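So the structure is just underneath, and the comments pick up after that.
When the chains are written out, they are named A, B, C and D in that same order, and each has its own residue count from 1.
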């Protein structure tokens, strides 16, 4: 049956056929080439010389992506089983990956429907890149990282809140200290906030920096606190990863008293 | 009873009522808006155009914060129970959150009492932001982070002391090496110390950097040591978090089959 | 027997003789001196004054390295035992260390055979430095680090993929925001990508940085995400190291009183 | 007895008397003031105005430190017991803290004996700061940190070796790529090495950075590897700290089979 065959081609899984592998890597390659095309399209020399070629490549890509999307719509009742075909299509269209697939082709058809900003379109086209995430659909690593971050979100949020407090207080202090001496570099709190973030994250571009003694003392304190702001989330996340490993191991433990297996999820 | 009702409104807790939620989020929003108002008030264009509006907003805020403070004083005998009403009020006024609440409204009333520096006032007004910390009053995460930092304060202090030693020695060395060649960039030890901190914390603004060969060797060593200065506290804090989790789990360990405690880790 | 003696000299191991130690440290010293010679050879003043000396040193080095290589070829049947002498030689020549040894002397003989780029040659000569890795041939630490990185390659790859996504999206956003205002600093996506990497890794050279408000907001977000990009791999690797230690200890756990195995952790 | 009393004053320990506390904090304060005096002595304005005062303060300090040193010599047979008084003095003089104490007063007496460079003297005087380390003589935290670093020295050394390899290869590559375009910024390998360290440690002063496309690709790779260079030692040290805590706890464990305490030192 045709539907069965298409399903096997477009859907990765335990029943992954050779055709699916070829299809998957082909689509992946096309996505990467599309992102590369988007990137080199911003270089004026290339846009002048190879602009036509890039547009043709874009057109071919969109045709392939559209065909793929239609194929996925066609087999929606197999990938998203439900009481009716329409419901299955809806389920697919509004699923996470379904949305990404749509967003990847929408920017091409949108100008035919409504007037849109070209820059806005480019960002939408970039969304195709998210499709590479599909590679990780069965990837336990992404889930592990995500579960650690989610489990520790409360501690990470507190660290974030304390960081914002430090940034705010140092910005206001710095503004009082430096705005008179360097009114062009520290004209208002927002400019000072920009300096504070560059210092706390230890980026230190060097476009703004204090020149007064008091300003340098404040800046030094922020830079030192920056180490703590790196150390805290790292420590929290390290503990989170360790904990996950411990739990996994613990679930294979046995009680030393009665010898029975302890299959608990701590 | 009125006092009971006010108590339920101003006090978050297990008995948190709907009114308390509305009240809490309202105050929170007002605090954030106040900080935003303080920030945009430093932009000259906005101060000229919307200065009047900002002053009115400040006035309304202060009235609300004052009413809130009076309400808290009124129910002090419920939140801080003691032998007498006066003692309860004292207890509240000198409690951590009581002080923050006072500091949040004081800057407005202070100029009526004594002559004060306006810049000093702005910083005081910023203290309101600390009130957002109340959100975390029952937040176990903040307590966890704080307990880890407190538990490891001795190790962190040693790391800090070693860092100061490295900073001092490198500053004196650098001063001897670079002050002759770049007298404007390394005029004295304090300027060199500023460079040392920017290097050790890997901020690296780029306003001061060595140009002599020896200076660059010293700078490279400091930068490499900087990695250690990040690695040590991070390692200490990671171990601290791990330890907390281990202890918590160990104290809850019991075999689900025979019910006996499994004292595996502690 | 001569072959036996040469084998003992050139091969480190449990049967390491005094001659092997002298030989090993001699070769090591020569490698380091060669790298130093390569480095000081790039300083024009030194090249003019001591160019002849450097060339003679290079010649002597190449003779020693060639003799060493011939010795290793001679004892190949002892170090890489196989059915025939020729097979052993092949085995040695195409082994990891055999290739490095060859690459270390090849650049000298290559110009006699084919026309080669001089810069290409220098990089090849630098390959000698890899030979110092031999020092670690029996080093369990390198294996430990490598096994941790290998074990966690999946999690590290996911972190890397997410980082590339962040870099790409921020680059495209930044290009739209800044390319109009600073066309010389953000001329195309590649220039913006360079900025994005410098920001996410918190290097922050300061050659390119945003000047628009929106650009600074994006830059701040990237810098803050940069902390996460440091925290995630560090946490993953910390957990990996801990796990290795736990496993090693668990496999050695036995009660010293009753002799029974204590399978507490695995 | 006088010797007993002096011993109690100069020696901290379990038998620490009130006098010892006063004496210890007095010496500590004097050391800090000396370092501050050294620092402010480098500011020309202060040196002109308060130069005389600083010299008198230096003189008084040296007298106090000399008296302290003589006192320690006098009680050497109590602090460093041995078969004879002379041996005890020798033992003290050549002990770690004895050397630091000597180095702290030596720079003053040295010019009376031999001709010395003044800059050399300042660095020696700075050695006094090391004496603050005595505060940690009984500090278990310093010992803990030190033991972790020592235990993991092999892994840290491997990380260091790999870092040097990365630095070397990237320096040679960068020299070939950028020295033609920016001969003033990348004149030789040493200048390139300086850039490589600033990039790998993510300091990024911004005094040297690549401008060619290939150079930027290399620089990006180094910056990304820089995250690994931070992650690896941090992970190693985290695991080290965790291990120490585990061991301490393990030594308080009991065997689950026979119930006896397992006082093993893993």
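Here is the rule we go by: contacts are C-beta pairs under 8 Å (C-beta built on N, C-alpha and C of every residue); 3 or more make two chains touch, one makes a residue touch a chain.
Heads up on the chains, UniProt names are A, B, C, D = Voltage-gated potassium channel.
Predicted, not measured: the structure shown is a model, and the values here were computed from it.
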- B-C, A-D or A-C checked against C-D; over half of contact pairs coincide for A-C
- Pick out whichever of the two, A-B or A-D, is joined by more C-beta pairs in contact. A-B
- Query: Which whole number of Å gives the spacing of the CA centres of chain A and chain B?
  - Reply: 30
- Query: How big is the gap, in whole Å, between where the Cα atoms of chain A centre and where those of chain D centre?
  - Reply: 42
- Where does chain B touch two or more other chains at once, residue-wise? 190, 202-206, 230, 234-236, 238, 242, 264-265
- Touching residues (chain side chain D, partner chain A) in the complex: 202, 204-206, 234-235, 238, 242, 256-257
- Item | Touch list for chain B against partner chain D, complex | 154-155, 157-159, 161, 165, 168-169, 172-173, 175-176, 179, 187-190, 193, 199, 202-206, 209, 213, 216, 220, 223-224, 226-228, 230-232, 234-236, 238-239, 242-243, 263-266
- Message: Taking the touch rule as given, give the residues of chain B at its contact with chain A in the complex, in rising order.
- Response: 35, 38-40, 42-44, 119, 122-123, 126, 129-130, 132, 136, 139-142, 144-145, 148, 190, 194, 197-198, 201-207, 229-230, 233-234, 236-238, 240-242, 244-245, 249, 255-258, 260, 262, 264
